[in-house]
Each structure stands twice: as C-alpha cells, then as structure tokens.
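Got some structures for you, see below.
One chain, chain A, links the two complexes that follow: it is found with chain B in the first and with chain C in the second.
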Partner chain A sequence: MSGQGQDAKFFQRGKIQEFRQELQIAETKDKKFTKRKTVLKKIVANITMGNDMSALFVDVVQCLGTPLLEIKKMVYLFLINYGRAKADSIHMVIPNFLQDCNDRNPLIRALAIRTMSYIPIPVVLDNLTEQLRHHLKDRDPYVRKTAAICVAKLYAADPRKAERGGFVELLRDLLVDSNATVVANAVAALSEIADRPDGVVFKLNLTVANKLIAALGESSEWGQIYILDSLLRYVPETHADAELIGERISVQLQHANSAVVLTTIKVLLYLMNYMNNRTLIEHICKKMGPPLVTLLSSGPEVQYVALRNILLIIQRRPTVLKNDVKVFFCKYNDPIYVKLAKLEIMYRLANEENVKEVLAELEEYASEVDIDFVRKAVRSIGRITIKVEAAADACIRSLLSLIETKVSYVVQEAIIVIKDIFRRYPGRYEGIIPKLCENLDALDEPEAKASMVWIIGQFANRINNADELMDDLTYNFLEEPIEVQFALVTAAVKLFIYKSSSDPVKALVHKVLKWTTEEVDNPDLRDRGFMYWRLLAINPTVAGEIVLSEKPAITNDADRMDRGALDQLLLHTGTLGSIYHKNPETFIRGAAGRALADSPALNPLSRQVLVPVQRSGPSAGPLVVPGPGPIEPGTGPVASSPLPLNTSKPSPPLPPDSATGGLLEGEGSGGEEDEDEDAGFAKRRSGVGAYPVPTDPYASLDTAFGNRTQDEQMDAMPALMMPFI
Partner chain B sequence: MAIDGLIVLDSANARPIVQTSFRSFPPAYPLLHINAYSSAVAKAVRPEDVDPVLLVTLPDEPTACCHLQHRSLTFLCPISGDLDPLYAFTFIRTFLNILIEYFGEVTAPVLRDNFDIVHQLLEETLDAGGHPLTTAPNALRDIVLPPSLISKILSVTGVTGPSGPSTNNLSAFSSPIPWRKAGLRYNHNDIYFDIVETLDAVVNKNGTIITSSVLGKVDVNCKLSGTPDLLLTLTNSHTISEPSFHPCVRLNRFAQSKALSFVPPDGRFTLMEYRFDPSASKPGAAPALTAAAAAQLQVQVPFTLRASLSITDHGGAFELSFTPRAGALEDVAVELYLGSGATGATCTCRKWWQRVDVRARAAHAALVPRALRLRNPRCHPFRLRAGYGARRCGARSRAGMRTRAPRARRRYRSRCLQGALLSALKIDQLKLSGETYKPYKGVRGRALGRVEWRVEWKGG
Partner chain C sequence: MTLPDYCKYSRAQTTRPALRGPTPSTTMISAFFIFNQKGELLISRLYRPDVKRPIADVFRIQVISSSDVRSPIVTLGSTSFFHVRVNNVYVVAVTKNNANAALVFEFCYRVITICKSYFGKVDEECVKNNFVLIYELIDEINDFGYPQNSEIDTLKSYITTESVVSSQIVAEESSKITSQATGVTSWRRADVKYKKNEAFVDVVETVNLSMSAKGTVLRADVDGHIQMRAYLSGTPECKFGLNDKLVIDKSERGAIDAVELDDCRFHQCVRLNEFDSTRTISFIPPDGEFELMTYRSTSNVKLPLRVIPTINEIGTTQVTYLIVVKTNFGNKLSATNVVLRIPTPLNTTSVECKVQTGKAKYVPEENVVVWKIPRVQGGQELTFNATAQLTSTTTRQVWARPPIDVDFQVLMFTASGLIVRFLKVFEKGNYHSIKWVRYLTKASGTYQIRF
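After this line comes the complex of A and B, so read on.
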C-alpha cells in the first residue's frame, strides 16, 4: 500500500484539481453546456471506478442550476454517492431539490425525489416527507411509481417518521391505482417495508387481491413478480376464494419470463393448502407440470434453479410430473450441476413402471467420462435398488456389470452401494461376494475400502478365505485412513466371533487390537479398541450378540421430508431457500420466516403439520450449505447439523468428525437406525457429492417442533453413545 | 424483493468493467463477491461447472451470488435477501439483451469503449435499491442514446447534436403500455415473423429414440406505426402445447380462442415459445400428459448415424456413416469428445466435410484437441473413417498413481438445419385494428436439430 497507494492518491488529487479548473472555465463560456457535460461525464466515470471525487462537491453542486436533464442526472448521481458523506454542506442543495420537485417535467420531479430518498440525512428527509405526500398523488404515473419506492427508502431510513407521516396508508391507497406499474411498485414498497423486522404488517384482503390480479395483465414482468409474490400475504377465508384466485392466476403459467412462472407456481402451491376441491387441485397440478418442463429448455442457470425447485415440488405434489421422468434424462453437454440435480430427480421419480428406462439410462451415465457424474449415477442405481424392490435383481445385475468394467472409481462406488443393498435385502444377494472380493486391490478410497471391509467382516462366515483377506487388509493398518481403521477393527472382531477357534484369526484380532490401543493416536479409535477388548475378554458370547446383533433393514425414509417442513419450504419456492433446501431464516439474516397462516379454509391435512413461524436469532456460527458438487471433507457435518440445540443437549463425547467414521460401522444397538439411514447416502463426506441432504431442512427446523423432538433426541443421545462409553 | 446490484466482469482477468454502486453495502461488498466467484472458478475443473448460485459466506451475513457467462463477460448479481435467483437471472438476461440491442456484439472491449452508455443504461434499468426500472428497449432508447456514427462524430467535433434525452419527449413514460411507447412512425409498416423449431433428441445405440422434444420459438421484428392491436391466427395450432408468451399477449384471449391478440412492442422480441406435441394432431388422442411420453417418439430424427468407436491404449479409431432421411438438411455438424488426453486426430474425409477441432480451453492443454468436430455444409450420405492418438494421462483418482487411456465419450453430438418446420405450424392471418394502414407481413420458418447419438464403445 505504501509507494503505489501514495502515487495513486497523488494522481487523484491532481485530477481533482484539473476537473475543478475545467468546471470553473465551463462556467464562463459554455455554449449549450457541452463543456460541463464532458467534465461531469469524466467525474462520473471516475466515481464508478471507485475514485473518491467528494472534494469536488461544491463545484459539482453549482451545476445543478443547469436546465439540462442530462447534467442534472449526473449531478444527482454525484449527490447520491457523496451526499451522505457531505452532510454539513448538503443544505446548499436543498433549494435546488425543492425547485426540481416542482418542475414541470415529471422526469425531473421523479429524479429529485428519488435522489433525496437515497440521502438518509435528517435535513433531506424532512424536506422529502413534505414533498413526497404530493408526489404520491401526482398526476403523472411515472412520478407516482417513483414516489412509491421512495416511501420504502424513507421507511428504511426512519420508520417512525414514515409511519407518523401516514405514508404507509398512502401506499395502501396506491394499491388500487389506475396504472398497473404504480400498483406494482406500491406492492414492492409495501412488501419491502413488511419484510423488515420492525416493519408494519402487510396483509391483503380478497378485494385488494382481486384488484391486484386485475393489474397483472398490464404490468411489466417485474411488476408481475412483485404482485404475484404479494399474493402470499393473502390468507383465503373460504375454499372458494382460494380456488377462484388460483384459477385466475394460473394463466400466468404461460408467461415467457421464467421468474414469473416460478412465482406463479409458488402462489398456486400456497393456495392449494386452502383448497378443498380434489379435481381442481389435480387440474392445477397438471397445469404446473408443462411450464416447469419448459424451464428446462432455458439456459443452464435457469435449469438449475428449476430443477432444485422441482425436487421440492414433486415431494409434496407428486402428481405434478409423475409421468415425465424422461424429461430429466441428462444431455451430455449439461453442466455438472444440472446433471447432478437431474439425477436426484430421476431417483425421486423412479417407480416400478419406469424403473427399466431409468436404470438403462443410469447405466449409460456410468460409462460417461465425468468422474463425479459417474459416481453419482452408480450411487443412484444403488438407491433405486433400495427404493424399488421389484427392480432389485436388475439393479444388482447392472452393478455387477459395472464392476466388471474394472474402472477404478466405478468399482469403488458400486461396492459402496452394494454394502447398503446387503443391508436392505438380507440373505438375497450374498452370492456375489466372491465377485466383490476379486476387486479388493482396486480399492484405494477410504469409503470404498471401509465398505468392503464391512462386507468381509459381516459375512466372514461365508467367505472361506476371510482370514487371509483380513490379514492382507490389515497389513498397512497404521497407515490407513481413520474410517478404514474403524472398519478394520470391527471386522476383525466379527471375524473372531465367527471363527474363534482359528489360531491365525486369534493372532489377527490380537494384533489389530494391540495396534489400536497402543499405537493409534485417535482417541475414539483407541476407545473403541479398549471397548472391544474388554467385551471379548469378559464374555465373548455376549460380545458376539452385541456386535452381530440383528440390524434393522435400511429404508429410504430418511430421504423423505417432513410434510410441515416441506409446506414451509414451498412457500419459498424459487428463492434461495428452495435452492439449498433450507429455511432461509436459518441462513440469511433478516429473512422473514414464512409459514402457512391458519384460516377456516386451511386443509385439515395441512393444518396437522402446520409449523408455526419462528423468528430465529442470528444463526450460530458460519453455516456451510452443501451444493450439489463434491463436498469437501470437513464441511459436511457442519452443514448437516446447524442444530440450535447446543445448549440443551449434552455435548456428544465424540467430535463430529470421527463420530461419523466411528458410526459408519453401525453395529451395536441404540442409535443404529438413525445412523444407518444416513450412512447410506447423506453423510458421505469423501466420495461424490452428497446432495444438500434431504434431512437438512428437518435439522434446521428442530426447534419448530417444540420440545417434543428435543426430548426425544435427549433420550436418543445416551443410547446412541452407549456402545462407546 | 430486490437484488443488490450488478457487476459486469471481464472473464479474462476477473476485473470489473461496470458495476452498480452498492450504496447501501460496505465498500468491500462487490469485491468479496468477485473474489468468491473467482475462487469458485479456480476450484472447478471447468469454469462452466461452477454452481450458478454461489453461497458467499461473508463475515456478518451470508449472501448468494448469481452469475452468468456471456462470451468473454461474466455478470454477477449478488443477492442478500431471500430472493428468487431466477429474478436475478432474468434481470441479467434482460440487461444483456439490452446491451445486445445497443451494441450488437457484446464483448469486454466493446463495453469498455462505450463505458458511458453502459453506465447510463445500468442506472436506468436498475435503481439503487435494486428494483428494475425501465427495461423495455424502446423506452430506453429515448433516455439513453444508442451509439451511432453521428453521435461519435458529434462528440469528437464538440457540436451538440440532436439533444439526446430531450426533455419534452416523454412518450416512453406517458404511454399506458409499458412495453410500447406512444407515437411511433414508420414509412413502411412491416412485421416479420421468424419461427424456429429446435429438435432435441437422444438416440441410443440401437437407433431408437430415448427422448425427443421439439421446442418452437416465434421471434418477431415489428416495425409498425402508432399503437396497432394485432390479432394473429394460426393454422395447426392444435399441434402446439405448453405455449408461453411475451407479456404483451392477452393470455385469457388465447385460452378462449387460441388466437394471439396483442399490442406488439417495437423492434425485436420473442412473441411465443411452445412445444410441438405430435400426439395432439390426431383427433381423439389421449389426454396430453399421459400420452406425451409415447407421442414424443413420433418426432423423427431427420437422419441416421451409424458409428462405431474402438479405443486402445494409445488412441482410438472410429467409423461414421451418415444418412439423411428425406428432406433437405443444410448444415450438419458432428462432434465427438475424445477425452482429455487426446492428441491429434486424423481423418480421411471428402471435401465436403470440414474438420473443425474444438480445442481444449484449459491453458496448459492448449494444443490438445479434446473434441473433434466435423461440419458438412451440404448434406450427403457419407462414410468416414478416422483415428486419433492419445497420451496416457493420470487419472484423477485419489491415489493418483494409476494411469489410464483417455476415454472418449460414447456420444456423438450432431446438429443440423432444415428448411421446413417440423410442426407444420403456419401463420394464417394477421388482423390489425386501431390503425388504418395495412402492414406487410413476412414469415419464415426453419428447424434446427440437436441430436445426441450414443454408440457402442469397445476396448479400454
């Protein structure tokens, strides 16, 4: 900053002198103000490049008297930039402001109030409040529309003054203005005010809602978005109202602007909670499908937003895109984030009827060249195996054929999913274990290796040379990554329990446990080693019962979101919340929580799962939201546990990092189920992109369910930890 | 419901060219977003693989950064509230379209040369609070004078020309219709319709179509005087489904009579987009949605491609035979991605196939063709043999020890052009009311095919 910074400063000062001189020269002889225009242009260019021009304040302000719009505009631009910093000299400009506020030209009137609203200094605001009242009733719509936005600015600067001045009421009057753009801007201003934590409540009644809808046709696309979004503030009192409004806005689904379409869908989804007519709901659902599909033919960024939203919508209203799985087949030049989002939806839409097509498509993807994409495709095959029982045989066949490709990452991914398949369908596919064992040498990723070790340990009684395999695998025990070490320890113990008579096995177990307890640094692993050792020492039979206890079958329930949470997220359709599948108030400060409002018309089903709105405090700590790409190690657990529970919950004895590794094995009792559902898909941190896991929104909503869930969790925690204590 | 601002970056050096002032934010705010974007790009394997909505974790408040790439430019749009990212994207697109309207080619040097105009445009389209203001190009033209030879000469000679934003010409704002200004005059009243249909299909290795869809788009160039109210009727309108319209089209009217009634904006705009649904052309077809999947199969891919590809450790060879189905195809291009280590392709091709190598974009592999692209300006049935060399390259496996031959994709991507529309959609009649003249109507239709053809892949 030393030499160069000084130079730059010096340079600037010189420039300012130069500009000042030029302006002074321009004052005397300036035909048609061309000179001033040129200088001002230079000054503005400097402002936008970040050079400080505030020293020229007095000189620039002098130009305000020039009756040329272009010059006025540039001076105002200057004022917007430096007005706040030059609070002591701003009084010089006030007369000019007032003059312009009453100019004959509406463009200048609007410009003046707009500029004033950007300078939040009491003197300016005082004068603005005087003027604004007239401008809200100006006969020119352009002035009225600008004035509406200025009210929001005024409110942001001084809420009290705005409320005392009755501006909110004046804005409400504008909601029924004859000009659609004015209406739209009034809506935007009111929404902005209402979204502030200290703002007024902005609710619509049926009459106003209908008026707003009538204005939709003539507004610009931005105005339509404001108006549609504001309809979420209307709580229907009867089913008929909701149905009527739903029908009236559903024509907007044919709008060319994708944001309008998505906002319309959001409002429709909201209104459906208040509808009762099954056939109408079905009809609207059917109508929503095609526009969503159409969004997929836009640019990749629009596709991405659409796909993330579709993923939410199909969970709540499966009929929307029931028969359209083919639309989500990936094109080879789709960007990776689109492909991954499509895969997730393909998995959701897979059912017994279309599973054949989906599976064929996924197999095709598994031969692609993008490694991340291939992994995710293989993983999706595994998830579909678990989801659609009828297709399990076909899935296993395709997984085996993938293993035969011998492409390292495909094989590894396949082995990871096969582990879960064994859990889901016990006793059906163990015949393929020898095939898996052939690929032992290809495994170089911790997760795949750990999965393979789990398989060997779990089925050690069926694998003849299990002890030899384990002997090989433990050869580099101390150099293995921690999750593999965990898996190896447990597998060794299982092997011992199966084959306790064999001497080499005894030696192996002894060797592994000795390493674990004496040479391993990780306290969790060491504790686990001690625990096993004692279990085995005290009573090997009981140890066998504990370690090889019956495991609950894996289900995909964890993939499903809670209805109430889903309803709430759907109110944020199209917004950041729906992209990250989190409630925005949990990760965006100042975002207002939204919740379904209760009314006589609310669906009984929706009411059952009603989640009351909560205004959360500042979120604890930085929050990392997993995108669809690969998740870096270490960020995963943070993302999946933004629990606001840390005060009420006994702090877990294991740090989260190693806890995941430790539980990967998932033997023992208590927390088993909880862990396994996730272990399959969500909590994978190595490997490919675990998606923003479906359990996420749930996690962030914990407090919303009241104490009930908290208590349950409190109960669950000790049980979860039991085997390790 | 407002975006924070807009930053236009030069993608080459990630430096901002133009940006809004971000007045209500700390000075570092735009820089932090630029940094977040560039570090995300640096991390990604390919720049186009970066998530379009980046979450930026600022010390006090996380925000999101929407970004869009256009040639050598990147548009960043930070949003700090819970806003629809599509809103940001549509704004970027709109602004980009305005720039294209003004400058034609939009690149970093063009924007730098016309800095003052771009900045004025930005000021007019987005107010400091993040609300879009005037985005209709014809209204903007009144406020911001587009660059022209005359204005350039005038600025050089120092003479004031036709005073740009004339203070008394407020037609843009007095017009009751936001997308059309009042009082337009043309000597010839012309309106041109340009219908483009795009076939998007995936064909599997057996030659059966897996998915196919036809999307149509009606672009209009309108040069009509006054405030004409148009009524457009279409023949074969039953074959189109899922239409979406420019805001000027009266949606209720379309729902009733399938005719488009609208007051057109001035200049170029997209009137309508639609999907061609062949199942609807048969009377008494099953309800659209259930039959859609099956019916889409009926849209035929206008050519067949037979191809095989075999890959060895040191390269590969492929064979390609291309047969157009009936009809006149015009410009055919076939592209094959050869894998990231491919070194050079040789092919024996006749003169009507031009070879275009799509070179790798990464700097370190500047000379390595990653994809082979063949173009055939006319369209003849043709057989082609080719081979290419390959370097073994380190696989991106975690161990990083193994090497493997580059894997070519098992996909051919081909594009072709056809003179006739697939949907046989026609503009039947254009009625004008509200004005007295009779407009000239020009209609052109063409179809574009984008087909992904999967092939068998041998060796490895």
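After this line comes the complex of A and C, so read on.
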C-alpha cells in the first residue's frame, strides 16, 4: 500500500504572479524537480478550487521538458483544462505531443493521444488524426483501446473530419480485434457515434453478435456492459437465434458488478420478445429473480436503481419474483428513497397468500417518523384493500385503528383511501361512517377534506345529521381550495336529492349554488354550479338519477402500465429512464427513443402493442423530473374523483392482453374491466345528452326549488338574470 | 473499401424506417466531482465538452445545501447528478444523457474502493492529501466518460505515489503492464513470487433479521462474502468448493446437508461459463486481497442471538425495560463486541439501567440506551433491566418505537451453515501451498427486533 500523501496544504488560493515566479526559480537548482512539482500541485489545486490559471499557460508548458511522468501528467491535466481557452498558444505543445505519440512506451503513447483528443481544437485534432491512424493499429492493445475512444472524441468534435479520415471504418475493424478490451471500447465508441442524430447506423448481425458474446468472457466488467448493451442492436430473425443468445449471456447474471447484471437482464428481456419456447422463457425468468434480489445487498444507491427496475420488470414478467415479497420489507435504517421504492413493490407483490404479512408490515410503517413514508404506507393499505378482496376486512380494521391514533396526517390519508374502498365494496363498510365523521375537524388537507365531503354526500341518506355536517363544512365555502369546493357542490346536490323535503337542506343547496354561480371565479366550478342548478330545475328526479347514478366499480388494473409501453420502457432497463419510468426522449434533450424492431421472430402480441419511437424533444414542462413513489390513487384513472359527472375518466383503451404479459404467460386477461368501465361511461354520457335541453337555459329555473316561497325565488332570480340586464 | 457483410452500417438517411431497431444510448459520464460537506470542490474532472464547470454549483445548491434530498439521483433538465456520500465527502458523477444508472453508481463505488485501497480511507483530508494521484487515477479509469479497467492490483503497478522518471520506465516493463491492463487476466500480474505460498479464505456472513413485536421472524437472511487473500506465486489455477446447493427453483430441493444458496455472484476472475455448466468455481486469483464471491441464503438461517424484550409504557411518565438475550450456538463459541441499541422515547429525561454483564449507558442525543457486552459465551443468558423517566409533554405524540438494534460478531460460526469444502491450487511450479479458512458471522445495523 502506498502511504498517505501530504498535499492538503496546497489547497490555498494563490496568485498567478507568485506561481510564475516560483516556476522560474524552479528552473535552476531544482534537485529531483521537487520545486516544480510543488508549484504544479499548487496550480492544479487552484484549478480545482475554480481559480483561473490559464494565464500561466506558457510557464506551465515549459515544464514539459522535465522527465518526470508525474509532472507530465499534471501539465497534461492543465492542457485539458485550458487548451481550448488558449487555442492560440496550443501550437507550442504540439511537438511534445508528437514526440509522446511515438514514444517507445505504450503507456506514454496512449497518454498522448488520450490527452490530445480531449482538446478539440483544429490544430490539435489535425495532428491527432495523422497519429490516430497508426495508433488504431498499434501493436499494443492498450494503445488500441485508447485510440478507439479517441475516435469517439474526434467524432464528437468534428464528425466530418472523422468520417473523411475513414476512422469509422478503422473502428469497425477493431470489432474483431484479438483483444477483448479493444473490442469493448470499439463497441462503445461505435455505439456513441451511431446514437448521434447525424451518426452512422450501427447494427449487428448474428455472426458479429456471436463474436462479441465470445469476447464477453475476456473483457473487463465495464467492457462487458458496453458489449451487452450493443446486443440491443441485434434483431433476431428466428426464435432459435434469440433463444441461443439468451442462454449464452444468461451466465453473466452471476457477475459481481450490478451494472453487468442489470444490463444482462435488459438484453434478456429484449430477447424474450423474440423467443417462442415458453419453458425457456420461464427458466430465464426464474434465473433473473435471485440476482435481482441480490442487488438489494449492494449500496443503497444501487438498491434504489434495482428497486425501480424491479417494479417495471414484475409488471411485465410477474414470474420473475413471485414469492419474494419479504425481501422487500423495509429496514428501519434504509434511506427514505429505498423505503418508498420498496413500498411500491410490496403493493405490487401483495396477494391472497402473503397479504397478512404485508399488512402487518405496513401497519408498522404507519408509526414511523417520516411523514411522506407514513402517508404512502397508509395509502398502500388502502390500495391493497382494493386489490385483494380477501384482505378487505383486515385492512379496514387496520385503517380504523390508524384513525384512532388521531395523528392528523395518518387520519387524513386513511380517509382518502376509505373513500375508494367504499366505491370498491359498495354496501359493505358504510357502518364505519360515524367513526369517520368524528374526525371531521382534523381534516385540513384538501384531498382528505374532499374525500370526506364525498362520503357525506354519497351516503347522506345514512348519516342522520348529514345536513348539519354539510352546514358546518360549507361555512367557509368561499375560502376552501377548489377541489373541496367541487366536492361540496356535488355533495350538497346529493344531499338535496336525498332530503328534498327538508327546508334547511333546500336552503343549504340554494346557498351553495348561489355562491358557486355568483361569487366563485373558477369557470369550471361556476359551470358546474349552473349545470346542477339547471338539472334540478328541469327535472329533480332525473337529476337524482344522474347525480347518484351507479358508479363503475373501482379496480386496480389501470395503475398497471400497458404492455406496449412496458416493452418500450424495459429497453431502458438500468438507465435513468427506468428509474423515472419515462422514455428518455421525453425528458432528455436529444435522447434517442427505442422500440422493438420488427422481425419474423417478433412475438405477435409484442408486435400488436408495439409503440413506435416518437421523435419529439422533451416537453417544455417543469425541469425537474418528479421523484418516484406509489401512484396516488387519486391521480390515476382508477379512482374517480368524488364528482359523479367526472370528466377526467377514460384512459386509453387497453388491449385485452395488457395485463402482465397476458396470454404469453398464460395469465388471465385483465383488460376487460377497463373496457367495461369505458363502455359504462359512454352510456352514462349519452344518457345525459338524451334529456331535452330547453333552448332558453333559464326558462324553467323557477321550478328548480318548486316549493319555495315567492320571496325566496325573487331573491334568487335577479342575481341569476344579471347577465341579461 | 468494401465492407464485410458481418457489419453493415451506412450514413444515416434522412428518412428512417418507421420500425427502426432500438438504439441503445451509451453510457457516458460527463463530469466527476468530489465535494466536501461545505460544497467546495476537492476534485473536478470534466470528461466531456457537454458540461462546464459551473454545473458543480448546481449540485452544491440543489443537493449539498438542500436539507431534504430524497434521492441519490437528481435530474434537472437533461442533466443528472448521481451522488454517493462517504464520510464527509460527496462523490458525484454528472451525465447529460439516459445514463446506465447502475454503471454510474458502480463507478462511484469503484473510485471509493480504489481510494480506500490506496490511502486506507476516504474523507476530505485524505482526498486533499492525495489529489494529484486521484486525478491520475480518474484519468486512467475513465476515458471520455467510459469507465476503463479499474483493477486495483494492475493500477498499483503503474500509478504510484513514487516519482517515476518517464525515461526510466522500460518499454518492456510497460508492455507487461499494458497487456495486463487489457488482457484476459487483467487483475493479475504474471511475475508474482512468494517464498511461502499461502491463501486465506474468510467467510463473512452478515445476518439480516427483522423480528416482529410478537417474536415471529419477519425476515431472516444472510448476506455472505467470501474474502480471499491469495499470496500465491506464478499463475495459480484455483478450484473452490462449498457445501452449497444453488437453488434456482425452490421446488427442486436436494441433499439435506447442502446449504441452499438463493444466489451467488462472483469476482471478475471466476469463469462464469464453467460455473453455469458444472457448478465449479474456478479462477486465477488476483494477487492479494479480493472478494471472491458473495451469496445470499434465506433458508434455515441460524440466529446466533435471541433477544426477548418486554417493554411497558407506564402512564405517560415511565417506560420499563426487561430485555433477555439468549445465545444460540455451542458452548465453545462466543459472541464478541455485542452492542444493543435500545430506543427510548424522545422526551426521556433519565434512564436507570441494571445489568450483570457489560455496561449500559443512556445516550440522550441518539435517544437510545447503548448496552455493550465484550463477550458472551455460548449457552449464556443475559438480562437488562431499566426504567426511563419521561417529562410530560403538552402534545401527546405517539412514540414511534424504533426497533432494538443488535450488533455482534461470532467467530467460527456461519448462520447459513456454509462450509468451505476445498480450495485446490494448481500451478506450473507445482509448489505446495497452505490454505486457511476462517468463519465469521456478524450483524451491524441489520439485526432488528421490534417491540
């Protein structure tokens, strides 16, 4: 082991003039060049600290005459930093570069071209191109592997020069080099060039793919990643080809480097689209599971990457991790991002057999410190209630016990999920409503409040004091957030429909509709107010049928991504896209999209749902990609908002096989319920349209509150007629 | 020049076919930084022209100065920052594309491992003291954002703290280095010589336990690491055998004495093809210390210590503790460095502890009682009695009751039951070699008992 250095003292802001002097002094009487070394270290430290040292260019370059490798490397580092800024002086170093390019020592030759290629200035690149041609054929593999990357750098700086110089062809020759490290770097360089919008097309056929796979065993772990990654450029023509390659690379799943494992999984998932042998697919899926779980023993950062990927993979290939929910239980000291990612997977893997354990875990999490984590734990309990019917009773019990903790955010979160549970299991749990109502005062978050209001409105016929509660809730109507206002309007109308004979209720609904139509600025809310008013005016019975129409049952299917999108996203396994669950072209400027390429071997189902690449830039939306976490039930199409005439409804119709690999895996199809839901919605919509709409919108408003006194009507009318006056 | 048909490529056309194959995006690290806690740069290396130095300020503002960072990856626009914290420094990689996230983190980990191996530790002082060497290293192990060979043994042969006069490096010597750095056994020098040929194998198992308040095991598994220190001359060919049975499909259960491993991963040097076909672990080891394999086992985990807590909240002013620790291994073995961290409520004012063995101390800043026991012999039973006094608080917040955490080490014991069956060394020189095996089972922050 080499000893500790003592260089910390150099981290001190220094003046250009001082350094220059010190360098000049060092030119004489500098035994073993220690003085020069010291000054250069000071300069490098200052570069690191962000002080502009470019003025010392000439002085520093003088040091290149020193025969110390350490000094040479520091000068080269200086050149990499300031070479571009000092384009007019760079010619001074060219002779040194050229000398090093032809040094007998391969390490020096490589160092020279590596450094030159970091300085993208014409004069340097021109000299480099002369040299590079030889270095790509150097007898030393270390020089060749460095030269391969130099081509990528050259191409990045000046694509035309690189192409005119025939470097791409030279690079291609390296694909069949005898040395695996050289092959891997050539693959990396070619891939980069091909990924440029103006780049060359780089595709692999079976022969090259096989040659590259043969090089896998001998290349470094990083090289393996470059090679494996490039296998996505190979499109299998027959099932057998895909199956053979899949089997050959699957041994890499045992590699210690998590990136090798994840990249192997990416290629396997890709190749499976072209396989036909179900036994083999099953076998590969089973083989992928344990290495994925093992990634959870890595550092927390890699765990996070693994977890986000697992979440995608199990949606497409559920057999990969069927019985492993326990390994995703959170450790108390897991970082929060690991915990949140685990939570989502626990929900996905929850089923009738393991739901007891999962539920016990989630209850445990609900008492932890991190508020966001606790909320998501409670929300997960709610989602599991909806997903696993057998556990619904137990889930409700645990939610009620959570409500009893009186911890404000726990209670609120519980109420949000209970609203959805009511919709999922109509007629089963309404008995707990009084318990919920006890917590009315604790609700200060819009979503929780809106949920509670929805519950009161929907079940106003079962809540004896619903009118009093609503009266309380509407007290600050105009100050409420918009979603609460929406909920209140609808709930008030429902209440009126249930209890149309009650005078206080009439007054209430009148008051709310009046506020909505007269004092609210939000046009959507105002429109809704008018619409309800008219509905009630035209025909209260029909209004009741519409407002209290039977709602479609809530299911969990829609929070699963559809298969085409999954197939596409899984082509990015292990990358940023797989962490954010977004295709890279949607959030990274200039990123290349991916799609499965068609071939006779492509699975017909995969072809059917294939999502072609969209060549659109990133949307001009917010710059920050939102962090991950469980999908909030309120935002997905699963749970409708508390409004009966919900317009945010239909999700794009999913193909029947959208569920978890559908027929391919022999799983039941889960898309039908979505279709039913859409169909039901369409009916409801057409139903609404079928009622006669009078030409004068205000014509029969006076019947809206049929048995009101004349005075009251007079109160109402002038305001409503204002626009006409 | 005519192109051989094995590799077809051409100038990109303006109209691309609708169904174009997937274009894998490459992995490129645009910049690499090491920051101290104040956000000052200790190392700054830009690998690609698509980022400029001020990007470091963005990280400082968004991550280091931010009180609430909830992800190791922060993406702003098209720029992503990957960071790993180690001691008092941030190791950061920046990318501008859809980077292979696993690779980027593995690269950061590797830099940390290399620094540890070179300097013994990684912290601000050590980075500052060795910054020139670190610059050399990161220039070597990453080229244009592509991680390159980073085998420590090889790096140490040509990147050193000693001053090297360039003319002194004999070209031949360098050729050896380069062929090693790019070769089939890039992790090993060919000219290793020892008088005494020895190999030490350490089987180190970390037990993960999560036990519910009711005393049922929610999760118990073992992360095993097999560390090897090989001091063997020449190019030794090793074969390694365990009493394992790798279970791919849980239904294919086999011999009873075999330990079931859920999964194992191997060092770069192990021939994966051979393992796949014949289940033999064969390799040419790096010189010196390395991690030969890691494994995971979830069946029949023997828990070395059993902790039975009885903790009662008496009213709102007191909490009483009775904790019994029982050993679960033979009388000849012992657990050492046993440390229990027993949580106390946030409004604890004082804790009175009674223990027969070891020392127990209330640590108010961490809200725990730390009970340290230097050694517990197999068959022994320990008890801990304590009462915590609480202040009355105006807001009655429920105590989150974090789990009791137990750390320990048990020598010559494997929780999984794994045993090394053999380690055979074959070398041209046909020398005699001595092999040593050690077992250690430990827990540190992973052995948790809820109450």
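Following the convention adopted for this analysis, the second predicted complex is superposed on the first by the 586 of 725 C-alpha atoms of A that agree within 3 Å, B and C clash if a C-alpha of one lies under 4 Å from a C-alpha of the other, contacts with A are read in each partner's own complex, and residues count from 1 in each chain.
Quick note on the criterion: a contact is a pair of C-beta atoms (placed from the backbone, for glycine too) under 8 Å apart; a residue touches a chain by one contact, two chains touch by 3 or more.
This one's a predicted model, so the numbers in the text were calculated from it and none came from an experiment.
Under the clash rule set out above, the superposition-derived model of chain A with chain B and chain C contains a clash between the two partners.
In the superposed model, A:L175 makes contact with chain C only, not with chain B.
Of the two partner chains placed around the shared chain by superposition, neither chain B nor chain C is touched by A:L280. Of the two partner chains placed around the shared chain by superposition, chain C is the only one that A:G166 touches, whereas chain B remains out of contact.
Once the two structures are overlaid, the count of chain A residues touched is higher for C than for its counterpart among chain B and chain C.
Contacts of A:E445 after superposition: chain B is touched, whereas chain C is not reached. In the overlay built on the shared chain, the residue A:Y409 is in contact with chain B alone; chain C does not reach it. Look at A:I371: by the touch rule set out above, it reaches chain B but stays clear of chain C. With both structures placed on the common chain, the touch criterion links A:A55 to neither chain B nor chain C.
By the touch criterion defined above, A:D598 lies against chain C but remains apart from chain B after alignment on the C-alpha atoms of chain A. Looking at the shared chain after the overlay, A:V327 reaches both chain B and chain C.
Chain A uses residues 32, 41, 44-45, 47-48, 68-70, 73, 77, 105-108, 114, 118, 140-142, 149, 152-153, 179-181, 185, 188, 191-192, 195, 217-218, 220-222, 225-226, 229, 251-252, 254-259, 261-263, 286, 290-291, 293-294, 297, 299-302, 304-306, 323, 326-327, 329, 331-333, 335-337, 357, 360-361, 364, 367-369, 405, 407, 572, 574-577, 579-580, 584, 587-592, 623-625, 627-628 to touch chain B in one structure and chain C in the other. Interface residues of chain A facing chain B in the complex, by the touch rule stated above, are 32, 34, 41, 44-45, 47-48, 68-70, 73, 77, 80-81, 105-108, 114, 118, 140-142, 149, 152-153, 179-181, 185, 188, 191-192, 195, 217-226, 229, 251-259, 261-263, 286, 289-291, 293-294, 297, 299-302, 304-306, 323-324, 326-327, 329, 331-333, 335-337, 357, 360-361, 364, 367-369, 371, 405, 407-409, 444-445, 572, 574-577, 579-580, 584-585, 587-592, 622-625, 627-629. Of all residues in chain B, only 1-2, 18-19, 21, 23, 48-53, 55, 57, 60-64, 66-68, 79-87, 89-90, 93, 115-116, 119, 123, 127-129, 131-132, 135-136, 158, 160, 163-165, 167-168, 170, 173-174, 176-179, 200, 202, 204, 210-211, 213, 215, 241-247, 250-252, 254-255, 270, 272-273, 275, 289-290, 292-293, 296, 337, 339-340, 395-399, 402, 407-411, 413, 452, 454, 457, 460 touch chain A in the complex they form.
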